[in-house]
Amino acid sequence: MGKLAPYFRFLVILWVVVTVVFVSLRLTPGDPALLLLGPTAGRQDTSERLADIRERYGLDRPIIIQYGIYLSDIVTADLGKSNRSERPVSELVKTAAPVTISLICLSMLLAIPISIYLGLTAAQKRERPYDRSVRTLATLAMATPSFWVGLLLVNFFSIRLGLLPPSGYIKLFVDPIGYFSHMMLPVVTLALYLIGTLTRFVYTETADTLEQDYIRVSRAMGISSKRILFQFVARNSLTPMIIIVGVEVGTLIGGAVIVEEVFGLPGLGRLLLNAVLGRDYPVVQGTVLSITVVVILLNILAEFVYKLLNPRSKL
Amino acid sequence: MTIKLMKLPIIIFSTLGLLTLISAIFPQFLTPYHPDEIDVTALLQKPSWSHPFGCDELGTDVLARIIYGTRLELMVCLGSVALASIFGIPCGLVAGYFGGKIDWILTVIADSILSFPIILFAVLIVASLGASVLTLVGVLAFAFIPRIFRLIRGQTQIISSLGYVRSAEAMGVKTVKILFMHILPNTIGPLMVIVPQLMAIAVLIEAGLSFIGLGIQPPQISWGSLLLVSKNYYVAAPWYPLAVGGVTTLAAAVLVFAGDLAGAAVNPLRRLK
Amino acid sequence: MSEIILDIKKISVNFNKMFFGRSQTIKAIDNVSLQIFNSETFGIVGESGSGKSTLGNAMIGLQTITSGEIFYKEIALPLSGTKDWVRLRRQLQIIFQDPFTSLNPRRTIGQSLAEPIITHNLCSKNDVTSKVLSLLDQVGLNSNMAERYPNAFSGGQLQRICIARALAAQPQLIICDEITSALDVSTQAQIISLLKDLKLKQDLSLVFISHDLGLVRNIADRILVMYLGRIVEIGSSDIIFSNPKHPYTQALINAAPIPEPSREAARIKTPLFGEIPDPQNPPSGCFFRTRCNQVHDRCLVETPELKQVKQGQFVSCHNTEAH
């Protein structure tokens, strides 16, 4: 299999994930057709719609066939139609995706530089008050429920100070200022956990690297501390960060679900939540699938980039 | 182990641990109030000596609700980690020791589960099975299994190449015995690092899920459900959500810190060799 | 005549390395045959990478062989996992190089020593403790050490404990795989003399693997010299040291210092030149030809066979004529 072998693994993972989604939505006892119909099950045309659903998803046929239909649907990117609005799920996903993507990207843009700076400088000034406070704050940032902080921020900035809007979303190209003022609090909220985690990570990696012998030798040779830090240390400590970020994207998406709910952002998270609460299964299934597939693809990318920068690693 | 260096943290953690246990098992010893007690005269009262965290919208003492909520928190934390260990540890041992096909299969399954953001997975399961403590524990356990699996597997691989395992093999000791009496006890160190970390994640995810209505539902009390209920009172009675969120943060932070200490305890030992 | 305990016939051990799709075969042991006798100490010497550790493990069945046969007391080695296999594990023991990782850090010395006894049901539960104490005594250690953990001991003490553990099963043969290489010189001497003592008292065969010629000379009755997985020379200890026939053996002995400064200074040294070749790509014909000072054309093409030169001495070199 050669060089492609590690990527085959990802195919299997994708397949397992897709199957898990299939299985979990059929865990509910009862008639799946009724479930797929959702709460609109009382209407006049119910029996026709039930029949439609049964045919569409093959619910009368053996589970293997259902699975086959499911897989072929996915491959053709047909995610079905929403129960409530009759709009195709893929359309809903496409509309909501940019919001979530921009939320996550902005959060990463905010969190990564801050974490790198804090982590590196704290490791440099080991055991001094600066270091301890950075580490404590990072741990707290990681430990705090982000939505709680978010609400506190809303409370403070929006309601008390009236500086920023408490919720809602404006498209970037419609009104850039409005866009940023609406995104600011959500982005900070989401970034908080990431800042905490990444700062701790950069700190430990850098502290470890700084203790290595080759650094001591460099110092002895007279190379300035700053140069050591940025040339040798940063490179070594930050490359693994790519992997961590890849992993944390998943966590971020989870956080995004909550943040979107709190701040009323019409992203994938909100779409998903409303679908769950409204028992709109096709949307739930479609959204979860889309998100997970993207996360996996991002992880593949992260691993690829990491291997590029560090060809000798045994990933 | 360098026990001397760790005396102070041990005292702190033991105290906190004890407090948590008492809150969970005998909450009545810590507070005179009942969490369902309605006191119309004390609606949204500010913090005072008799009510350190004030009162909520029904006049119930907030601190009492938090204390009583510890039980479900503990159940979720411990239950999920324990359940995950029961499955994760044996799989990790087997995959790490035997390698080959079974290792590949198990690792792929673990990686698949890991690529699912936990909250998404929770949403999926709750959509099918409904929100309850059991679902929550189940989802968390399911999400934790691969993390424990990975850790144990990595450790097992390292330990398997060490002299004492090879000696046991050469001596004819049965494989099951080798796995559980030689390898497993030596993985306790890193396990002690990951367990508090996972518990912290459990606390935070419970908080998040309950907050959006997919976790523990009111009237059951957990810190997450309290956060949900207090959502409306950030302006009128900020002490209410502040107290709950503060306690949650503190708990998660303490757990993370415990994991850090465990990590520090494990590491210097290795460096010595 | 002593009986043959281990009869090793033409074994080879190949390792396949997966190298980004291409698999490469390394012949760790190539067509090796030898016999171990009852109550003898058999030394195996060679450089790192000569395959001596692999041979030690393969001899007692811990390393799967790619071809060839091994017989223990005239019976072929059983397959792993069977009852015969477990019984065999009692008879054949091995001690490893690193004393610090050879004992479970979470078990007391007593527990580690008891393990072979319990595994093979060698005595009743009540007698285990006394057996453990007697084992400690045999290797010259204090009985109060049984309650302590490995981190309390020095390398030399740990190695003694490992020897005691190997003895616990009352084996027929013990492989000592570079057991002194991690110890300092004075401790090495202690271990060697302990082994010699133990051998006198018990009916035991030892296979002593080392890269240190001096030590091997001290303890071994017969010696096997290996190079890149092949036998280069084999014979009794005295003959090998007094009259080595293979150029490699000659170079090794020449390189090892003699503890008499005047004689040492007077010796003419002919150091081995070159480096050990890549095991994945060994030279054609005789492996040693790239470093040999007696090489000629035939060595390039033809692999020399192991031929008897004198009574009990075998050499594989084109320069020696068989008797």
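Which chain is which? They are A, B and C, in the order written, and residues in each are numbered from 1.
Methods note: a residue touches a chain if its C-beta (ideal position, glycine included) is under 8 Å from a C-beta of that chain, and two chains touch if they have at least 3 such contacts.
Because the structure is a prediction, the values reported are computed rather than measured.
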{"item": "Chain whose Cα mean lies nearest the overall Cα mean", "value": "B"}
{"item": "Most widely separated chain from chain C, with each centre as the mean of CA atoms", "value": "A"}
{"item": "A-B against B-C, pair bridged by the larger set of C-beta contacts", "value": "A-B"}
{"item": "Inter-centroid spacing, chain C versus chain A (mean Cα positions, whole Å)", "value": "56"}
{"item": "Chain A and chain B: spacing of chain centres that average the CA atoms, whole Å", "value": "22"}
{"item": "Whole-Å gap between the CA centroids of chain B and chain C", "value": "51"}
{"item": "Of all residues in chain C, the ones touching two or more other chains", "value": "none"}
{"item": "Parts of chain C lying in touch with chain B, wherever the complex brings them together", "value": "60, 62, 85-90, 93-94, 96, 98-106, 112, 115-116, 119-120, 162, 165, 169"}
{"item": "Residues of chain B touching chain C in the complex", "value": "162-164, 166-174, 182, 185-186, 273"}
{"item": "Contacting residues of chain B [partner chain A, same complex]", "value": "108-109, 111-120, 123-129, 200, 204-205, 207-208, 211-214, 227, 231, 234-235, 238, 241-242, 244-245, 248-253, 255-257, 260"}
{"item": "Of chain A, residues touching chain B in the complex", "value": "9, 12-13, 16-17, 20-21, 24-28, 139-140, 142-149, 151-152, 154-155, 159, 247, 250-251, 253-255, 257-258, 261, 272-273, 275-277, 279, 281, 284, 288, 291-292, 295-296, 299"}
